[in-house]
Each structure stands twice: as C-alpha cells, then as structure tokens.
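The same chain A turns up in both complexes below, where it pairs with chain B and then with chain C.
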Partner chain A sequence: MQEIQKARLPQLWEYLAKKAPLYLPQQEDGVINFAPWQEGARVKLESLNTVLPPKSIVFPQWETYLHFTQKARELKLTPTKEPEGSYILFGVRPCDVAGITVLDRVFLQDPVDVFYESRRRCTIISLACNEPDISCFCSAFGLEPGFAPAADIMLWDGDKFLLWQSLTEKGETLTHSLTDLLEVPTPAETESVQCLRETAATVQEQKWGLDGVKERAKDMFNAPIWDSLYRRCLGCGICTYLCPTCHCFDIGDFSRGERGERFRCWDSCMYKDFTLMASGENPRPTQKERVRQRFMHKLSYFPAQHGLYGCVGCGRCVRKCPVNIDITQVIKEAGGSISCA
Partner chain B sequence: MLKHPLFPQVAVVERISRETADIKTFSVAALKGGVPFNFMPGQCAMLSVPAVGEALFSITSAPAQADFLEFSIKKTGAVTDCLHGIEEGCQIAIRGPYGNGFPVAQLKGRDLLFIGGGIGLAPLRSLINYCLVHRGDYGNIHIVYGARSAADLMQRKELYENWPASPATSVYLTVDTGQEGWDGHVGFVPQYVEELGFSPQNSIALTCGPPIMIKYVLAGLERLGFQPEQIHTTLEMRMKCGVGKCGRCNIGGKYVCRNGPVFNFAELKKLPAEY
Partner chain C sequence: MKEIMQKMRAEAARVLSSGEVDLVLGWEKGDLWWQSYPVFIENEKKAELLTWDLFCVPNLAKYLLEEIWHKKRVALFFKGCDALGFNQLMQDKRVDREKAFIFAVPCSGLVDPQKVERAGLHQGLLRVERLGDELTFVYKDREKKTAAPWFYYDKCLTCRYPNPVVFDFMLGEPVPVNPRERFTAVKELEGQNVDARFQYWQRQFSRCIRCFACRNVCPACSCRECIFDLTSPRWLGKATELSENQFYHITRAFHMAGRCVDCGECARVCPVQIPLTSLNRKLIKDIDELYGPYDAGVDPQKVPPLVTFNPGDPAAFLESKGV
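Right after this comes the complex of A and B.
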C-alpha cells in the first residue's frame, strides 16, 4: 500500500496525462462529468457519482465502424481503424467499475467486439466511497462501496491523502513509474483503509438487502406492478442513457452522394421503435412491456445469461427519472425484499 | 487491422426472380464467386444496402445446393423496398451466418411435417430441400403451405413439381380466400392442419409463418397429440446486430438471433409470452 498527498494530485494528473489521455470527474457549468484532463481542469473528486457514468469512454454513444462508397453497381467497404486503448480513467466509483464489468460480459463474449476490447486496454483507477449517497444501493447487488475488484488501482480517501493500492499487473506497472509522487503510509494510515471499507459498507448495509429476487425472477414477469407502473413512464429513455450497464444499440447509415458510413449508436428499450418490425408487429406493443423489459433484463434475464445482475445500484435512474420510477420500489413490489431503514 | 464483428462483406446479387406481387427471390454470391459463407438450414444472414440499412433474412436455399445463397424477401419496409428495386449484378453487403438453425441431427429417421404460411416458407424451404437431398435419412415428408390467395403462393415450381415428385413426399396447399381458377383447399393453415389430422407417431413438426398463424398451429398440433418437444418453430424479431449484443430480440433471457431463431415448443413454453 502507498499513498499520495492530495496537494500533489495536480502533479500526478499532469504526469499521467503525458503518458496517455486521462479522464477524470470535472465540473463544467455546474455539472460534474468525466472529461479529458487539461491544465486548469476543475477536478471534483469529492462528488460521488458523476451525472453520466464513464460508460461512453469504453462504449461511445456514437461510433462509425465502416465507410462505404457506392458507384453504379459497385460497392466498396473500408473498415474504420480500431480506437486507441491506452488511456487512464481516474476516480471511477466502484459501482461504475462494476458497470464496466457488466459491459464486458456483452462485448467481450464471442464474437468479441474488437473496438470495445481495444478501449478496455485502458487503466482504471477507482476511488472508494467513504459515505455512499442516500440514493445509492450498490450493496444490494453484492458490491462494495469501498472496493472495486475489477479496477487496476484502488484509492481510498484519507482526508489529506489518498491511499493507493494496485490490484493488477497493469496497475502495478503504473504505480512503479510514480515513485517520486507516492509515499509509504504509516501503519495507522494503512489500517484506516479497512475501517473506511467497513464504515462505507455498514452505512449501506443498514439500508439495503436484496432477497428473493432470484427465486421470484420467473413470477416477476406476471407481477401486478407492471400493470400500473408504466402508466406514468414518459418513455423518455433517460434511465437507459444514464445507466452504466445499459448497452443496447442501434445501427444506422449516413451518406452523402456516393460515400457514407455505418455507425453504431446507443438505443433504448424504452422506445416503441426499438422492437417494432417492418410488418407492423411489435412484441412489446405498449410502455408496460417496455418498462417490464428494462427491469426484468437487469434483475432476471441478464443474471440468467451472465451470472451477475445487470444493475450496480449507482442510483442514477432513481435520481433522474422525471416521474420518479424507482428500481428499489420495483424490486419490493415485484416480490423481492429490498429494505430501506 | 482488426475488423469489427459487424463488418460485412461485399456480395453480388446474381439473379432476381419474382415469386409473387410482393416477394422476390435473390441469389447472392461472394465477390469472387461461390457462397459468401457456409450455413445450415434455418440460419440467417444480415443483408444491407448501404445508405439504407441492414435487415436479417433467413437463408432459403439449402446448404451445398448451389454456389450462391438464396433469400426470398417480401417488400415490407425500407431495406426490402430498396432490395426490390435493384437489378441483377448489383453489389450489396452481407454478414452471417447467424442463429442456431434447425436441429437436423434430431430429425433423422422421423416423419417430418412442415407447416408454412406466406413468406414463412422461406426458412422451411432450406430444410425441405436439405432433407430431400438426404432423402434416405428421413421418413414421410408432409408439407402444408398456405397463403392469402393463390397468387401469393411462392416457390410454385417446387410446390407443384419438385416436392410432390420426391418419394413419400406430399404437399397440401391452401389459400385464405378462394377465387376463380382455384380448385384447391380454402381455409387458414392451422385449421387445415387439424383437418388433415397428422399422426404425432415418430413425427417432428416444423412451422414458420405470421405470429398469429404460429400461435394457432402450436395449439392445433397439441390437440393432434404432438408433444411440445416434437414441435419446432422459427421466430422473427427486429434485429440489429445478429450476435446477441444490441439487446432487442430477446424473449426473456434468450436472444432470437443467437439462441434461436429455431426453438422447440417446450423451450418456448418456459419463456415469457412476448413473441
């Protein structure tokens, strides 16, 4: 374990940004989101969740993967060069790291999405939560607010310093290159990590437990909640755009004259067109089926396919839904027990 | 350079034949000639007309039957409208094969009952012709096929000549509404199947058609004594990626593009009724 004084962080970021593009939470127009570091950046580590998860850095909202030229009857296809993956994500909260783990299951399963794989060569430096927000519930899904097992480097906030622990070889290599900036913590400081982890976990565990969802998953499809919940859903899709695990996408073509490109962009199961077929058939014809799909996918279908929940409890959809649709309420009413003290 | 998994190959539409007023069959070959890829009956491919978009179609030709792939396509939306407008010799893009295909090994030694409606004959045709090539491996073959009207029956040469001429193979045709010149059966496919009263003994039923037809066919076959495991159907959903990532063609925890499109009725019964 090592540590870095907070006063030396700007020096660290400057150094890291020279090695590779560095993304970290920054405030712009009062909103905190991940953005590339530059001198004078208004870095805001103390905020818990950024408004948007860092999902778009590994899975961009819009991405071209081929160019085409069509002349008379002839068609030429040119692949787009795969993206650069040697960047650094700094200050990612454990729930958002877990969100990337969920995306991994989708994009790294056969056939491997090589663009995503390339971006995943990034280094993730996670910052533990000392005190999770009231709208956070990561522990409900077996995650720990004070630790991100899938990160390369884990940081804990010790007030005047950040405790620093590399978790992977990649993290270790980066750590070795920072000997000028890192220091050896006192035994008391090292021990405080355990305390921070436990406190963060306790703060949440007093509130959240998740039982009965796995067992009830099949019956949940016919739960009465779906008959009423959807009535207030506007179908705006904000829940899916803010979600660190939502990965549904559309494919489209853009062209001008003979030339054009094919792109992939985020899509949302909240939209009618998402499943509407050319014949006019729609297997999810009303907002009821769409709302049910979103929750069932996270709580039942994704676990059945991949062995982990498709929700990481970051709370963004709860905070930002304009009509207060709340996944924790859904879990309770669908027959699971998720308790709030 | 690493290629994106959704990157297609260029292919040539070698031949286009009109089946009905709104269905054409396209023969598609690789740029260098030959099939763009190998496949099994029931599998699909993503065809695209750049600047218009992609859509998934079942491959209607049988494996190893020709040096091209055939697609029977009904003019229904943006991509199919455009495909219906192209000429022979045009280049399009193709990727695949996708999906599980029919369980051909399980069908060996069984009597086969094919039940198709409208454009739903397309995936069944691949398997029918595959079985006729390996005729000795299968028992009796019954093909029930219906369309809105006599003019909407596709693959007429095979329906009237090739298939009935094969050993122990019978074809039963029906149309939703009769008209002058049609002296065959009039009525919907599900009822016709029940009227014909096929025996479930050592049989496997394979069906594809409009969702409403499939629903009634499944119920009718159960009344005839078919066990859910003896019935296979191939489903359609809106798809974008074809590889289980874009997230829209799932029925419960199964993706139609990846875990299907062929499901047996026993599997379907375990899934939410959202298809």
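Right after this comes the complex of A and C.
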C-alpha cells in the first residue's frame, strides 16, 4: 500500500494527463460530471456520485461508427477508427465500477462490441466512499462502498492523503511509474483503511436482505404494484440515462446530399417510441408496461440472463426522478427486507 | 402545514364518499425526507395517504391529460404555480374545468433538496418542518433551525402567484405575496455581447441528455403528438449533438412564448441544471416589453398577445431590416 498527499494531487493529475487522457469528476455550472482534465480544472473528488455515471465515457451517449457516401449506384462505407482505449478514469465510486462490470456482461460477450471493448482498455482508479448518501444502497447488491474489486487501483480518503492500492497488473504498472509522487504510509495509516471500509459499510444505515428477490421478481409481471407505480411516471428518460447499467441504444443516420454518417445513441425504455414498430403496433402501449420493463429487467431478466442484478444501488434514479419513483420500493415489494442499523 | 394536511384528508374523503368525484389527486409521503410524490386515490379509506409538506412540488394538473381519467371527475390540490398551469391547459382546450374539483393550497414556498445538500444538512436528515419563516431540520439525535427562504426553490422566491388563481374550495388562508425580482438573471445575460451569450447557451445546451423531463413536466407542453417524438419524419435526431440540442430547446422555448406560466418545473426537473427559466423568462420579458404586461395562466379568458394582431403592434424587426 502507498499514499499520496492531497496537496500533490494536481501534480499527479498533470503527470497522468501527459501519459493518457485523464477523466475525473469536475464541476461546470454547478454540475459535476466526468470530464477530461486540463490546467485549471475544477476537480470535485469529494462529491459522491457525478450526475452522469462514467458509463458516459466507456459507452458515450452517441458515437459515429460508419461514414457513407453514395454516388449514383455506388455506396461506399468507411468504418470509423476504433476509439482510443488508453485513458484513465480517476475517482470512480465503487458502485460505478460495478456498473461498468454490468455493462461488460452485455458488450463483451459474443458478439463482442469492438468499440466498447476498445474503450474498456482504460485504467480505472476508484475512490472509496467514506460516507455514503441516504439514498445509496450498493450494499443491497453485495457491493461495498469502501472497495471496488474490479478497479485497477483503489483509493481511500484519509483526509489529508489518499491511500493507494493497486489491484491489477495494469494498476501496478501505473503505480510503479509514480514513485516520485507516492509515499509509504505509516502502519497506522495502512490500518485505517480497514476502519474506513467498515465505517462506510455501517454508515449505509439500511441493511438489505435480497434473498430470493430475483426469483420472486420473476413472478411479478402481473403484480398490482405496476398499476399504481406507473401512474405518476412522467415518461422522461432521467432514470435510464443516469443509470450506470442501462445500456439500450438505437441506431440513426445523419445525412446530407451524398454523404452521411451512421451513429448509435442511448435510447430509453421509458419512451413510447422505444418499442414502436413500423406497422404502428406497440407491444408496450402504455407507461405501465414501460415502467414494469425497467424494473423487471434490473431485478429479474438481467439476473436470469447474466447471473447478477442489473442495479448497483448508486441511487441516481432515486435522487433524480422528478416524481420520486423509487426502485427500493419495488425491491421491497419483491420481498427484499430492510432493517436499519 | 399539518392543519392543512388534516383538512386535505378530510375533504378528500368527503368528496369521494359523497360521489362528487371518482378520483382525488394529491401528494403522498415517500420513505426519504425529500420524497413527496403524486398519488391517485379512488377510495376514501386511502385519503390518509395524503400529505402536505415542504416537498409537495410536482404539479398535478397535467395528469388530467391521461386518457384513463378523461371520463372521470377528478378532485385535485393546487398550489399557486399549479393553478397557473391548469389555466394554461384550459386555455389550450386540453382540460375540462367542469370535470375538475379544485382545492386551493396557498403556498409560501417549498424546499429545494439540492440547497439542503449544498449546505451539507442532508446526511442523516429525517424530516424538515416549518414554523412561520423558520425551518427545523430534524435528525435522529439533534435539530437545526434556520431561516426558511435560504432553502426555498429559486422559483418560489420569485413566485408572484402563491395563492391559486382558480379553485372551488380554499384550504387555509391566503399567504402574503412578496416576490423577488425575477428578471435579474435575464438582465445579466442581456448585458453581455452576442458572442458571450452564444457561448453561454452553447455550454448549457451541450450538457443536455435529451431526457425530455422538461417537456414532459411542462403544463404548456400538451400537444397530443410532439414534433420531437415523431419518427417519420424524424425532425429531431437522437444523437445529442450540440446543434440538435439547440434545435430542441430553442424550438420548445418559442413554442412556449406567451404560454409559459413561469412555474419553473422545467428547471427543477432538469438533471443537468440547464437554466431553462432564464430562456423562458427572456421571452416573457420581451413579450411584456413589446405588447404590454401579460401573465400566462392567470386569466384563461384573456386573449394572449401572440395569438392576436393589432395594427399598432410594434414591428421593430421589420423596420430595422428596412423591409
């Protein structure tokens, strides 16, 4: 284990940014999102969740993957170059790291999504949560606010310094290149990590028991909860777009005259045109079916297909839904138990 | 507020049991301190679910557009801003005044959870109460008292109609009207040169994720089919490219001109804090200056300035071009 003094972080960022594009949480106009570091960046490490999850970096909201030109009867297709994958994501919270591993299940299984795979070559430096928010519930899914097993490097906030532990070979290599900036912590500081991990886990007051939830969720297709829950839904896409695991996309074209480009972009199962077919038929005709789909996908379909829940408990949808539609209420309905510490 | 909440529950039970209405639309308390969300009550026994607290911010009027309620008589609770939205829906011939039974709830301001968070008062918070102009933040083992306006939504601080302008039954006493100047941000923007303004709005719109929450919550956005949802032709591409984002927001703002009731809901629900209030208020201010003061949603009988023509209407945009 090593550590870096917080006062030296700007030096670290400057150094890292020279090696590879460096994305970290920054504030602009009051909004904190992952953005490329540059001189004078307003880095906000202490904020818990960024508005958009780092999903927006590994799986951007839209990207062009093909250029085309059409002259007379000749159609020419030029695939876009694979995106750069050697960037660094710094300060990713453990729930968001887990969110990326959920995306991996979708995009890295056969047929592998080459754009995602390329972007996924990035290095992830995770920052443990010392004090999770009241709306955080990552522990419900067996995750730990104080540790992200899928990160390359793990950091813990020790007030004046960040404790630094590499978890992978990639993390180790990067760590080795930083000998000028990293220091050896005192044994007491090293020990404090355990304490930070435990405290973070206890601060998350609600203790969830999810035994059997995914099995029971399977039988919830006709449950009465959907009849009441959907009524207040505005049909906006906040919950899906802010979700670190939602990954549905659509494909569209920009074209002008003889040339154009084909892009893919996030899409939302909350929108009525999401399942609208060319014939005009819509298998999810009302908001009830759409709301049900989102929760069933997270709690039943995704676990059935991939063996893990499609929710990491980051709490973004809980915090940002304009009408407080709350996935934890659905989990309780599916038999999830909850007790306060 | 508790007294009004008791009245809400009693009145809701009364109108449901008497058969005056089929449905009551109000707010219900969630598990977390900031959660007060719309609830649909069809059985008088469920009237106890109703709540009235500092977080009952969603406007209930727009739910009347849902087809399942079209044939029903609905009772609903309005704050001042909600009533303006209802009047706009009425002016647009989208709701039927006769089918709605309106309870007015005068409102002296609601609490913005983001301001509570920014002040660092959110951790461990159980609930927030108000007595006069003072808020009490209640935690497990302590309390904190503070001046209420610090934590009100900006839109509440500039609210000019806290007392509903349309209702059948008033719950509680009208509250004093004491709005702050609402055009401050607009004037500040107007003072900048065109390049600075353009850059400012480009930066704002570039954050848009096209979740459409601003449109979906807006009481003046009531088209049966929205241009931005059309798939054939698809006027608005799905990529969140800056020019597409600009097209969306500017088109919507122009469609709101003379119809925006300044309820501020668009800015409240925006997850990336695009200052839509400034955009809409710029149009309100321009209309006020060009055609005389007009407040959408106050009087549905009044002819809105942009749907009529007077020979004396200013036409500076024509003259300056020398047409």
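As a working rule, the second predicted complex is superposed on the first by the 328 of 341 C-alpha atoms of A that agree within 3 Å, B and C clash if a C-alpha of one lies under 4 Å from a C-alpha of the other, contacts with A are read in each partner's own complex, and residues count from 1 in each chain.
Note that contacts are C-beta pairs under 8 Å (C-beta built on N, C-alpha and C of every residue); 3 or more make two chains touch, one makes a residue touch a chain.
Here the structure is a predicted model, which is why all the values come from computation and not from measurement.
Within the superposed three-chain model, A:Leu108 lies out of touch with both chain B and chain C [touch as defined at top].
Residue contacts after overlaying the shared chain place A:Asp267 against chain B and chain C alike. In the superposed model, A:Val184 lies in contact with neither chain B nor chain C.
Residue contacts after overlaying the shared chain place A:Gly252 against chain B and chain C alike. By the document's definition of touching, neither partner reaches A:Cys195: not chain B, not chain C.
Once the two complexes are laid over each other on the shared chain, residue contacts for A:Thr80 go to chain B alone; chain C is not touched. Contact with chain B, but none with chain C, is seen for A:Met277 once the two complexes are overlaid on the shared chain. Within chain A, the residues touching chain B in one complex and chain C in the other are 250, 252, 267, 276.
Contact residues on chain A toward chain B in their complex (touch as defined above): 65-66, 68, 70, 73-77, 79-82, 106-107, 109, 111-115, 118, 221, 247-253, 255, 260, 262, 264, 267, 269, 274-279, 281, 283-284, 289, 293, 296-297, 300-302, 304-305. By the touch criterion stated above, chain C contacts chain A in their complex at residues 30-40, 58, 63, 66, 122-125, 203-204, 207, 209-213, 216-217, 229, 231, 234, 237-241, 268-269, 271-273. Within the complex formed with chain C, the chain A residues making contact are 28-31, 33, 51-52, 61-62, 131, 133-135, 228, 231-232, 234-238, 241-242, 250, 252, 254, 263, 265-268, 271-273, 276, 318, 320, 322-326, 328-329. Considering their complex, residues 1-10, 48, 50-55, 76-80, 87, 89-93, 210-211, 236-238, 240-241, 243-253, 272, 274-275 of chain B touch chain A.
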